[in-house]
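As structure tokens, the structure follows; a few thoughts come after it.
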Amino acid sequence: MKRDRTPLFIALVFLFVISFGFLLPQWAMFIVTIAIARGLVALGLMLLLRAGLVSFGQALYYCLGAYAAGALGRFFGLSDIYVQMLAGGALAAGFAFVLGFLLARYRGIFFGLLSLALSMILYGLLVKNEALGSTDGFNILPSALFGTRPEAGWVRYAVMASAAVVALLAALLVHRYLNTPLGRLAPAIKDNEIRVEYMGASARRAVHVKYVIAAALAGIGGALAATTVGHIDPEMAYWTTSGEFIFIAILAGTRNVLAPFAGALLYGVIHTTAYDLSPNTWQMSLGISLLLLIVFLPEGLWSLFSRLRWR
Amino acid sequence: MKIVNVTHGSFYALGAYAGASLTGAWLARGYPPALSYAVLLVAALGITLVFAPLIERGILRFMYAKDEAVILLITYALFLVLEDVIKLIWGVNPYFIAEPYALLGSFQVAGMAYPTYNLILIALAVIFGGGLAWLLNSTRVGKLLRAVIHDPEVSRAMGVNVGRYYLVTFTIGSLLAALAGSFTAPTVSVVPGLGVEIIVLSFAVVVIGGLGSLPGAALGAVIVGVVRSFSVHYLPAVELFVIYFVMAAVLAVRPRGLFSLEEPRKI
Amino acid sequence: MVAFLTPQMAIILDTKNLCKTFGAVTAAHEVSAAIEKDSVVGLIGTNGAGKTTFINMITGYIKPDKGTIEYDGHDITRLPPREIMRLGISRSFQVPQLYGSLGVFDNMMVGLGIVLSNAGLGGYFSRGSALVPGYGRPAEEVAEHLLGRFGLLEYRDRNAQVLPGGARKLLDIALTMVAKPRVLLLDEPTSGVSAEEKFGIMQMVLDAARAEGATVLFVEHDMEVVSRFAQRVLAFYDGRIIVDAPPAAALAHPDVQRYVAGRRA
């Protein structure tokens, strides 16, 4: 039996970020933090993708998480980073638990479209909601950590390091889950759900669980993104936001728990570079990249990595 | 064609831009405004004939074997590309061509002024919708098309040129989107991002009416339109999300839509 | 109808007066059969005679309109397939139902994983290798063991969808064994298998099943396979069991000749 080295890599990567991250310039810390936030959402998507389900509406939970973080500040004066992430994840998980009873019954395009509709409902609700700022959204209070406000130069690092801690935990926990019997059910559900039922398992329950986990991850990611950017608005629930997460998930593939974070980082870099080079063609660059990925690297980035390894 | 096609939204935008710019040029040269409607038609037709075969033959043709979710992502990628292609061709400034709309004025209905132009839109929908229905149900070509969609393998085995049917289907579908865009152009300001909202709305329409059903799409469109108007009038706060609420409700209660051919993929 | 029952053998599966109609079609009419533990029963009949409906009702895939099914003392008539599986009845499929993108070994591990989690073992918080109920060994060992019994070890790492026909059948049946079922329903275990392989496969399957203590019912169209391996034959026609006898007697029976083998009496 091969030793599973992944937990080691996970720990190394994130501990590296925590230990040496303060050396990075501010803009780089921003990119890394946003990459971690998006990576969390994509990690959740990956869980669902393995079971053959494409959620076109993860932005729903991303946005819920963000608004939870924002509301904590706006209405309660709380801006502790960990509390924000916890609130975001909890709110998202709560909604997903309820909505999951409905969604876990669907597959294929219907699952996708229903998840899309739900996210657009939130968008519509938020846009018209005056108390939460309508289309403008609102700003988030400066971040706090364990009750104290870090000094101006250290805020970015504090957020990034906290993000890395949470991501480390999330990645390890998800990796562990993927090696349990229920975690390994995902590709079976994708391949032959009838057989799964005939072997005595409930595919619906498995999907429900995965859906809630994915939502929680998205909620945490949303809260994190909100606090990093400092501003939230309804656009976070729009279908194009879900599209970004799907792009990252496809980029990452379904093999490895670290891949979504790598994919998110790459996406962030492509996005920023393409936009800086030519603001009117960055979408095209993204579209072309996505096409190339689908055609040449359907298994995601990791397949490239593993192909090189066995050379 | 059993593909969920995000690029459809691009054709709407392409139609709008083509219609706006061509009509703008037409009117600027001093040609009769009365003929601008024909210009809108021609613009839509032209732009479709340029882009649709290119996309279908050039890219989509190789992807039909893939998973339905993957095809959707491919059409999404194409959509992204076309959004920027539009910006490259037409720039980012808004286009306004109100003449075809303003020319026809309005008439009184139940004490309210109703723009006459809207009748043209309705007429277009009826003509093309009806025409498509006739084509699919009463002509040999239409029946062959339905056979191809139902089972391309068997159709191929029977000697039908499946590739050509796919091309034609995609082109006709895109033409309808372009027409919609072109004829809507006089009523709005044509800006980048036009395709973004329309595509998700049209998914709502199709889901409500039922995937794969023509009468369903018509019904879905009417329902969406009416629900939207009612909510704008009576409950403006829910205007934006009420459509998606209906979409979700339909998916939850009767996923096949009101007239569907497709069985929902549940357990 | 000749009922073949010796009073001292235990009945493990008892179907009583099962009736099922689909619109105008009678798929089952007063189908009653008491299956003894450890027996091997062949189900024969033309297509549409009601054999698959019978199996589907036992496994809970469809519910009978009337009648009851008793398994080991429990009434399982209305239970869903999941529950019935967990109680110890497994079925294989006419068209092998495999997890195509996974390797053969992984196919077995998925099945064993389900068994473990149903038993509350091997979950998120567990440590080390849980022992599979019924086999008393860790999942990997049970997988190897079963694959060995079915001669599939050479295909261990191959993807299920690239397996040759006979191997696919065997994997499908091997998957039914992970829960150490007490009743095994095989739907045409040798269909789609070449003539030379049929007997070998059937022998392998029955040896494996019997070694694990399972009662076997199998649907078959090949009369040679039936006469060689079945201890008892139930012949179906038009939704009814028309003959219930040991193979030699059953196959010689005029009704079977006429309605199953298609020979004019």
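All chains are identified by letter, namely A, B and C, in their written order; residue positions are counted from 1 within each chain.
Just so we're on the same page, a contact is a pair of C-beta atoms (placed from the backbone, for glycine too) under 8 Å apart; a residue touches a chain by one contact, two chains touch by 3 or more.
Everything numeric in this text was worked out from a predicted model, so none of it was measured.
Counted as hops between touching chains, the shortest connection from chain A to chain B is 1.
Ranking every chain by how far its Cα centroid lies from the centroid of chain C, the top place goes to B. In terms of Cα centroid distance from the overall Cα mean, chain A ranks first.
The mean-CA centres of chain A and chain B are about 32 angstrom from one another, to the nearest whole unit. If each chain is reduced to the centroid of its CA atoms, chain A and chain C end up 44 Å from each other.
Per-chain CA centroids place chain B at a distance of 52 Å from chain C.
Touching of two or more other chains is recorded for residues 197 of chain A. On the chain C side of its complex with chain A, the touching residues are 59, 81-82, 85-86, 90-91, 97-102, 109-118, 122-124, 140, 175, 178-179.
On chain A, the positions that touch chain C within their shared complex are 1, 176-177, 180-182, 184-185, 187-188, 190-192, 194-202. Those residues of chain A lying in contact with chain B across their complex are 54, 102, 105-114, 116-118, 120-125, 127-128, 193, 197, 203-204, 239-240, 243, 246, 250, 280-284, 286-288, 290-291, 294, 298.
Those residues of chain B that touch chain A in the complex are listed here as 4, 59, 66, 68-70, 72-74, 76-85, 87-88, 92, 196, 200, 203-204, 207, 211, 236-245, 247-248, 251-252, 255, 264-267.
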